[in-house]
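By letter and in written order, the chains are A, B, C and D; residue numbering begins at 1 in each of them.
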Amino acid sequence: MKAIAVLTSGGDSPGMNAAVRAVVRVGIASGLEVSCVHGGYSGLLAGDIRQMTHKDVSNLIQAGGSVIGCTRCQEMFEDYAPGAAANILKRRGIDGLVVIGGEGSYRGAIKISQHGIPVVGIPGTIDNDIPGTERTIGFDTACDTLVDCLGKLRDTAASHNRTFVVEAMGRNGGWLALYGGIAGGADVILIPEVPWTNEEVLTRLTARAASGKTFHLVVISEGAGRCTDLAGWLQAQTPDELEVRATIPGHIQRGGSPSTADRLFASRCGQRAVEALVGGRGGVMIGELDGKIAEVPLEKAIEGRRVIDKQLFELALALA
Amino acid sequence: MKAIAVLTSGGDSPGMNAAVRAVVRVGIASGLEVSCVHGGYSGLLAGDIRQMTHKDVSNLIQAGGSVIGCTRCQEMFEDYAPGAAANILKRRGIDGLVVIGGEGSYRGAIKISQHGIPVVGIPGTIDNDIPGTERTIGFDTACDTLVDCLGKLRDTAASHNRTFVVEAMGRNGGWLALYGGIAGGADVILIPEVPWTNEEVLTRLTARAASGKTFHLVVISEGAGRCTDLAGWLQAQTPDELEVRATIPGHIQRGGSPSTADRLFASRCGQRAVEALVGGRGGVMIGELDGKIAEVPLEKAIEGRRVIDKQLFELALALA
Amino acid sequence: MKAIAVLTSGGDSPGMNAAVRAVVRVGIASGLEVSCVHGGYSGLLAGDIRQMTHKDVSNLIQAGGSVIGCTRCQEMFEDYAPGAAANILKRRGIDGLVVIGGEGSYRGAIKISQHGIPVVGIPGTIDNDIPGTERTIGFDTACDTLVDCLGKLRDTAASHNRTFVVEAMGRNGGWLALYGGIAGGADVILIPEVPWTNEEVLTRLTARAASGKTFHLVVISEGAGRCTDLAGWLQAQTPDELEVRATIPGHIQRGGSPSTADRLFASRCGQRAVEALVGGRGGVMIGELDGKIAEVPLEKAIEGRRVIDKQLFELALALA
Amino acid sequence: MKAIAVLTSGGDSPGMNAAVRAVVRVGIASGLEVSCVHGGYSGLLAGDIRQMTHKDVSNLIQAGGSVIGCTRCQEMFEDYAPGAAANILKRRGIDGLVVIGGEGSYRGAIKISQHGIPVVGIPGTIDNDIPGTERTIGFDTACDTLVDCLGKLRDTAASHNRTFVVEAMGRNGGWLALYGGIAGGADVILIPEVPWTNEEVLTRLTARAASGKTFHLVVISEGAGRCTDLAGWLQAQTPDELEVRATIPGHIQRGGSPSTADRLFASRCGQRAVEALVGGRGGVMIGELDGKIAEVPLEKAIEGRRVIDKQLFELALALA
């Protein structure tokens, strides 16, 4: 292994830059040439690959998003694309690739590796739902952002005796809603993994009101239903008792300077990704297992989605 | 003047608690008994009035929202209500009232004062549009919150070459959109005070793209049009060139711990409100004029809405 | 088990309140009466014990410090004290105790349990150095605070081509300095676990300067040496080349609203502590092992201090 | 006027970059060539002047410190230096200069203007003490930072019944201590403008303790005395009653992303500075007077220091 490249792909997440920085610096410290691909797989297919120095990644660990871009790339699903991508890397003398992203990104990565370029994945997504790892880069920061939003809404809810229904990101899983909801002190948390009905929500809110609670925070995961629908239904049922508002923080949850934990996890992943490539262990994703950095076959990382811990959901019920 | 009361009314805003605290402490220091009305005008009509000690308002200056509640109150518009409110105050031995809120709150205040209770207003609203004052409590904090949201969206926009259309609160005026937009580095700012068309926005974005800008932030004031409509139209016009997303931070903009500037302005207003009542100068709103704390006739504060500085809009254009 | 009490003890840390809240709410949900001891062991010996309702711990999850107080208590080291404490609890009908704190707090807890009151510990300290757990409540938040400080100093360092020597809390271990230093992008990290000399620091800074770096951030753990001494020495050696400043954030690192991760870990610990007491498993500390909540004998938690991961120190060197 | 340059000088302050950005963009929009001088007056004397495009200042409004550097420059006090600086500018075809900084920077600016280069000043300092303007760039952000520190210390103080003595920046004036202290809810504020003694502080703290307050926050301005001395003295007097700690946030107060208010004020100053130069009105500082952007003779801005509003100090006493 003489030269490697790193790219970010799929939805951006806070901490991706910290991972890129670690790949570059640990790579250089390991005697490798390290390049960044700009613009994800699209940039790779277009040959937008730039060699980096130690200094090129200065002041990057704190930056949100991905400074090397992470455009989604339809072209990568074409049959010829993975081979073309591998050839471009070979022509540049690059013999290893680090892909920071999620499931879709890994599918492309696996195909590229079948054309003779060892690839290592790093889990970068705020969704926290990649199988084979207990943590993904950006999830912790997204939780902090959602919790901050809930804290602000709590001020207004308490002042006006209101009910807020807040939509958390997560089309396929309730991770962000559950973690952010518990930490933000939400009274009701709705996630796709646990069935629920409008009526049950209403029952819980009226029980809370009966016990003297004057305001309520409901967090609903994107994948569990429509925030505005639920808010509208609740309001229609209780025109006099509750004053219901819907709030959708949306993409705000994706941005921001990464938390300490995300910066550290990203840095460790970057370090281990270089070690894996140098050690001839392509085809793995770096993740956290049993609280420790580990290598997992990339194939495992695309087998469905990691589901939330039901015990944590029970905790949410006990605390609300 | 022996005893006064303070209430918050209308939409809550960060810094209201700091104003309450200042009224209580400066009032007590001036030899007055000071009470808080809980629940705005509704609470007043219900007689929910509690005498406060110096210590009761400890650890309050940093709290968002209004801990004494600021429910909107339809009943206050009934003919009998202002007289009833005045009588309740008199029966409690309260001979002065401080009302923290906006235009609607002042209308009630003026009527109460006509029944023999001198009333002083303090401008509490994130809208910054009360005539007779250059500043309202909470506006500065709301700007900081919107700017923080824009900063987070910028991360994602830059990573994905996206266009974000972000809705700022402000049904009647563009203050928050304009201040937050400039400070957040928005590329296009749309406010109700300045006519605009979808086509103009598109023209500006395509000009930016032509000059090499890869992402764009558009801030639209609630009163200037619908965020989702504009985002949808832009996306429909440019399915291939732009990737457009709508984001509505909503009530998040109302909450949060108040900024230094809001805490100080609120504290000064509270101090001056007590001085005005003690000095026999009821019927005024405390505000900022020419950068200084001033007293303004309450009638002036309900004459329409203060409009934004057009020069600032020009600055926004020059900086974008 | 019919009634339990919870106290916080030793240095406060962000998230202690979230743990108290979880003990109270999960306890009540489990059919127990739950009381809070106010003022740590001093309060216990003075009998300052108050029964709590579900509502009494509302709006607490986000609060920094410990609202029930965590005074250090010399009296607890007297021979008679643990027995007296146990008797006070028994007289109140309390048959289980949760102690949130660190090593010193556990020593008292073990002695109390020898007088017939089962005790469960929860690791609350920003130092992260309790054996038997991979995480302590407050450490993550303290890291975020240190990282925030480093980010602010970076602005000034870069503007003025300065060198900052920043002291991180941690008298006995380098956890905070190491995690915060890596995440804050520190250029040199000095911890008590790894020998270092002034000369080595100077060598590294001059090497950095020679490679074109114009400013430097040095993080030194409290236990590794005196921040002001090192800064003074560096300045004396390089009066013309470097402009060195010392900064000691101090107790600022202890405060603040807890991070999502600390709130969740605290909540889980509180839940598990109740389960342990109810299940008749006193004499344990709740902690995290292999990334999962676990129970560890309290005796293990007072055997020296958990030392940092040397690999992480290597990572710091590679990234700097 | 065809070409202008802008430099930052003296201590950095948050918002300087926003002012630079505004000078560049408004200058270009006005048909000027605009250059940045890198490294303050040192850079000017060394000829480190680079022409800027609109895009060169993208993503700059939110950055703390000064990205173009603001080294202090002894050489500028030499007799030949101002003339040399003016000649360098003339040779580059630059016929106007904007200097962002404080008093020392303006002294240099006035001398340069005497050699035929019109100069306009912009007040950039966290000290807020420049005569002729009611506000300086960075002060508002520094206040927010100090208030944030006080909030964190309050958590620990309340948990441990402690007294914190916190040092605010400000060698010559108490602005930051006073504003930050009031907004942070400090119980005692010590500033150089108001005489005080150790004994008086002790009297006030013991009176507070007697009234049931269990913790205390004292803010002392750098120019009013030594934080550690006062803390030590208080502790020595009250070894049993008070537990006193000193905290010196130091340069942390200089950094950080600028607040909305600082970004806006900086942007407005930049705009007006360009207008003044284009309008042939050199020799002025842009400032805020009576709440509005104004031009003030540069000579006025170096006449001593602006002193704090004594009424505000009275307010601090009433609120504590």
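Operating definition for what follows: contacts are C-beta pairs under 8 Å (C-beta built on N, C-alpha and C of every residue); 3 or more make two chains touch, one makes a residue touch a chain.
Because the structure is predicted, anything quoted here is derived from the model rather than measured.
J.: Name the chain whose C-alpha centroid is farthest from the C-alpha centroid of subunit D.
T.: Here the answer is chain A, farthest from subunit D.
J.: Cα centroid separation between subunit B and subunit D, in whole Å?
T.: Inter-chain centre distance comes to 28 Å.
J.: Subunit C to subunit D: how many Å between their CA centres?
T.: About 35 Å, centre to centre.
J.: Report, in whole Å, the distance between the mean C-alpha point of subunit A and the mean C-alpha point of subunit D.
T.: 39
J.: Can you list every residue of subunit D that touches 2 or more other chains, as numbers and ranges?
T.: 151, 154, 158
J.: Can you give me every chain pair that touches, using the contact definition above?
T.: A-B, A-C, B-D, C-D
J.: Which part of subunit C faces subunit A closely enough to touch in the complex?
T.: For this pair, the touching residues of subunit C are 21-22, 25-26, 29, 54-55, 58-59, 61-62, 134, 140, 143-144, 147, 151, 154, 158, 179-180, 182-185, 211-213, 257, 259-261, 263-264, 267-268, 271, 288-292, 312, 315, 318-319.
J.: Would you pull the subunit D residues touching subunit C in the complex into a rising list?
T.: 8, 11-12, 14, 16, 63-67, 69-72, 145, 149, 151-156, 158-161, 164, 245-252, 254-256
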